[in-house]
Amino acid sequence: MEPKSLSINTLSEIVGGRVGTEYDVEHDDRNYDDDAAVTGAAPVVSATAGDATFIADARSMKSLATTRATVVILRERDITKETATGEAALIFVENPHLAMAKAMEVLRPTAHPAPGIAPGATIHDSTTIGADVSIGANAVIEEGARIGDRTVIYPGVYIGHDVEIGPECVLYPNISIMDRSVLGARVIIHAGTVVGSDGFGYAKDGVKYHKIPQTGIVRIADDVEIGASVTIDRAMLGETTIGRGTKIDNLVQIAHNVQIGEDTIIVAQVGIAGSSTVGARVQLGGQVGVVGHVSISDDILIGARGVVTNNLTKPGAYSGFPAINHGDWLRATTISQKLPELRKRVRELEQKINELEED
Amino acid sequence: MEPKSLSINTLSEIVGGRVGTEYDVEHDDRNYDDDAAVTGAAPVVSATAGDATFIADARSMKSLATTRATVVILRERDITKETATGEAALIFVENPHLAMAKAMEVLRPTAHPAPGIAPGATIHDSTTIGADVSIGANAVIEEGARIGDRTVIYPGVYIGHDVEIGPECVLYPNISIMDRSVLGARVIIHAGTVVGSDGFGYAKDGVKYHKIPQTGIVRIADDVEIGASVTIDRAMLGETTIGRGTKIDNLVQIAHNVQIGEDTIIVAQVGIAGSSTVGARVQLGGQVGVVGHVSISDDILIGARGVVTNNLTKPGAYSGFPAINHGDWLRATTISQKLPELRKRVRELEQKINELEED
Amino acid sequence: MEPKSLSINTLSEIVGGRVGTEYDVEHDDRNYDDDAAVTGAAPVVSATAGDATFIADARSMKSLATTRATVVILRERDITKETATGEAALIFVENPHLAMAKAMEVLRPTAHPAPGIAPGATIHDSTTIGADVSIGANAVIEEGARIGDRTVIYPGVYIGHDVEIGPECVLYPNISIMDRSVLGARVIIHAGTVVGSDGFGYAKDGVKYHKIPQTGIVRIADDVEIGASVTIDRAMLGETTIGRGTKIDNLVQIAHNVQIGEDTIIVAQVGIAGSSTVGARVQLGGQVGVVGHVSISDDILIGARGVVTNNLTKPGAYSGFPAINHGDWLRATTISQKLPELRKRVRELEQKINELEED
């Protein structure tokens, strides 16, 4: 894709910012050239002429002096007199991350294959395919599937019977979407992920295990993004659901009949066991575990590696196994790592008591 | 697949139950119509007319009053006078999970592709293919492989050289079965799983690592089910083995030369390091770790997130890192999370002792 | 591939060892036949005539008496008078693992598909393909990719736009290498792995999350090996890098902008969060977690299941959450599991103090 070229003023408008003229007047004679072309984006330390970059917070502001970027996106209040140096033009915004995201969407848009169906794709005659859909080589689409407008299906993707996929979705290579799964609009799924595998359900029959047919589905709402090599099991009966706007990182396991709310963040390698419920605006840190049949209410944060073993109903931060109030966990952990010292103090006390008793 | 329609009496026979007539007489005037057609299955809360459902235990029995299912499978002794209401017909069984599994096998059988070889499959001439095998588009089968009768191979599956696959297996999409792996009868493997990748074996050569060729195989016995995106490494020499009837959940790692017994349950995200042995009827909870070269005897349960660092020989439940008796772990954990309180008590003792000593 | 047949002397030369004649004279009348053909390799307990095997350390030396192998590779100093029995010829080496690796490379070389392009592969006209490359059925190679000499690409591999792959790489089935990733020479990647998926980056926009385009790349240096179903995310800007000679086990997560040094070992199910740095010759044990934006210096070992939450600069072994000195962690853990006893001692002290105070 041909690189864009923008003026600093145009970029500032795109990101909803304000070009740093006042700053220039107050703190130094920085004088930028609005004719300078912004053509790329790069990290602050490796940016070169033509690049936009960003500085997320005051702690990183010393890079402002040395960056070779043409323009830096930042918060005005993060600049101090000490850090107010350098050659770059400035765009002031309230949320540098968000502004940089918007800049990158224009400067370095993600390129997907053009609409069209590759010769090597295998598509059942009954499939309903929307306008401007792209289907890659070796993709397989089974009977009764429906694919929404402008959706992109990369090579090697498998789409099972009666799967419904909304508009403007992106399905990266070698994904498997099993029968009857339902995906909303603008769902992004990264390579290797499996949606709709059987739940892990068996009835004990003596010492042997008898498979319980997993006949429900997975339903994924609009604007969900799912990482690479994630596994989301279909419900035994009913639905496993992922709420609108929720983002799931790589290698996450979501078991059958789990219900996840809206705008929730699930970091890599989290595992959520069967029939548990996770609310809206929840954050599950990396490698968190949630046991089966528990409920996590809205606006709860679970720190990395925590294990949720009971219902959590009060908003706030939790950590540990079992997950407790984050501050309490931190205090307990600090002492826990110094237990030899505590035991020594107990020993000394025992000795002193013995001496006192002998007196 | 055309939906089945069964009478309540027929369904009761299929699940080995008894229709709840006595219950009806004793507790209320519930009067079911044996001509009512059972045509589907659904969770107790969302079931509608025509559905069978089940109630697994007494705690969930209040749903009996409100379910709109045509028939409920349950244990008679779980019903109390308070919960003995509602309109559904009842089928009494000893094991509602098992009975529901059998009902669902009839009411909602898993549909697989019909026998036949898709045009887009790539199959070496030397392959031995049994009767009524189904091979999907873009499946690749290398030289010398053997596929048993009625086995189903979904699209995008890779089957390496000299792989042996027994009868009535199901291999879901995008699985990779590497050279010389052996699968027994009725093995089910979910999408994206890898069987027979190289073990993680290196010999140190100064500071560099020299790859040790991994030339053994993976052998999977009859009636094993393996989840999605599982990885099972081949042995360095010899065999990595999974015993008959064992069930493995998603995203599990099984390293080279691991030996797993029969009827064992391995929950999601478990990792078992090289050359370890897991017995029969073992249960490894979610995210459990087993270090290399240890042995877990038959009939042992490891609680979620436990880490097995030594041989465990006595049947029972273990938890924690290192895994110890589950009850001991529970007690220690409870205190561990209240360490600030314990430390406070030690401080108070120290103060009192000081005062006593000063006296 | 036709099996090799070697004499014991030839094998000894290949592995850089010394045939154990002196040992024979001193300890028993063991007398080997140099004409004996070594044709295979097997574990010491299951080896039969014709096999080479190895014994890694003194603890396993009792197998020497009973093995039916033709030749055993071992360290001379690991043999004692008690274990100096049996029929096998001996090859003395300093590093039995390394020597056995070299023996197996000759006796059981890994067979890959012959050079050539399978009819079912989809390769863009613009691809640069080196000499003697093998590309399997249903592999897809997008515009602008470059594939080095003698590289092997198995079926079902996806290679995105402008990907660069060095010479003598092996890419196993169903791998996805996303746009612009760069792989050095002799890189091995096992089945199902994803390289270059988007990093998990969002800017908060009120309560919703706005995707930050992930426009950087993944760069993998020479002689790296990556296990099955690993996920390595591309950088947001810049590069995610894996250093020369580093080995990564199965189901590992490496987030965006992570930098990993040379000759580092990363065991299965490790997760490394965004922008963290791991040095050279580091070892991360199974299921370790590394939080974002921290740095682990060279020559550091993190024990299995440890969590690195801060920069670690001093070489040595660390364990626990947060990771501390391994010995300190071990002592704290031992007491932690006996906390009920410690609490009991505190209770007894309290009682005694009360009695003393009452006096």
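Worth pointing out:
Should a chain be cited, it is by its letter among A, B and C, assigned in written order, with residues numbered from 1 in that chain.
The criterion applied here is as follows: a contact is a pair of C-beta atoms (placed from the backbone, for glycine too) under 8 Å apart; a residue touches a chain by one contact, two chains touch by 3 or more.
Everything quoted here is computed from the prediction, not taken from an experiment.
The touch graph of these protein chains is complete, with an edge between every pair of chains. Of all residue numbers that take part in the contact between chain B and chain C, under half occur on both sides, making this a different-residue interface. Taking the mean of the C-alpha atoms as each chain's centre, chain B and chain C sit 28 Å apart.
Among the residues of chain A, those touching two or more other chains are numbered 120, 138, 156, 174, 192, 229, 251, 269, 287, 336, 339, 342, 346, 349, 353, 356. Only residues 120, 122, 138, 140, 156, 158, 161, 174-176, 178-179, 192-194, 197-198, 200, 202-205, 207-213, 215, 229, 231, 233, 237-238, 251, 253, 255, 269, 271, 273, 287, 289, 291, 307, 320-322, 324, 328-329, 331-332, 335-336, 339, 342, 345-346, 349, 352-353, 356 of chain B touch chain C when the two sit together in their complex.
Chain A makes touch with chain C in their complex at residues 41-43, 46, 53, 95, 97-98, 100-102, 104-105, 108-111, 118, 120, 136-138, 154-156, 172-174, 188, 190-192, 225, 227-229, 245, 247, 249-251, 263, 265, 267-269, 281, 286-287, 304-305, 333, 336-340, 342-343, 346, 349-350, 353, 356-357.
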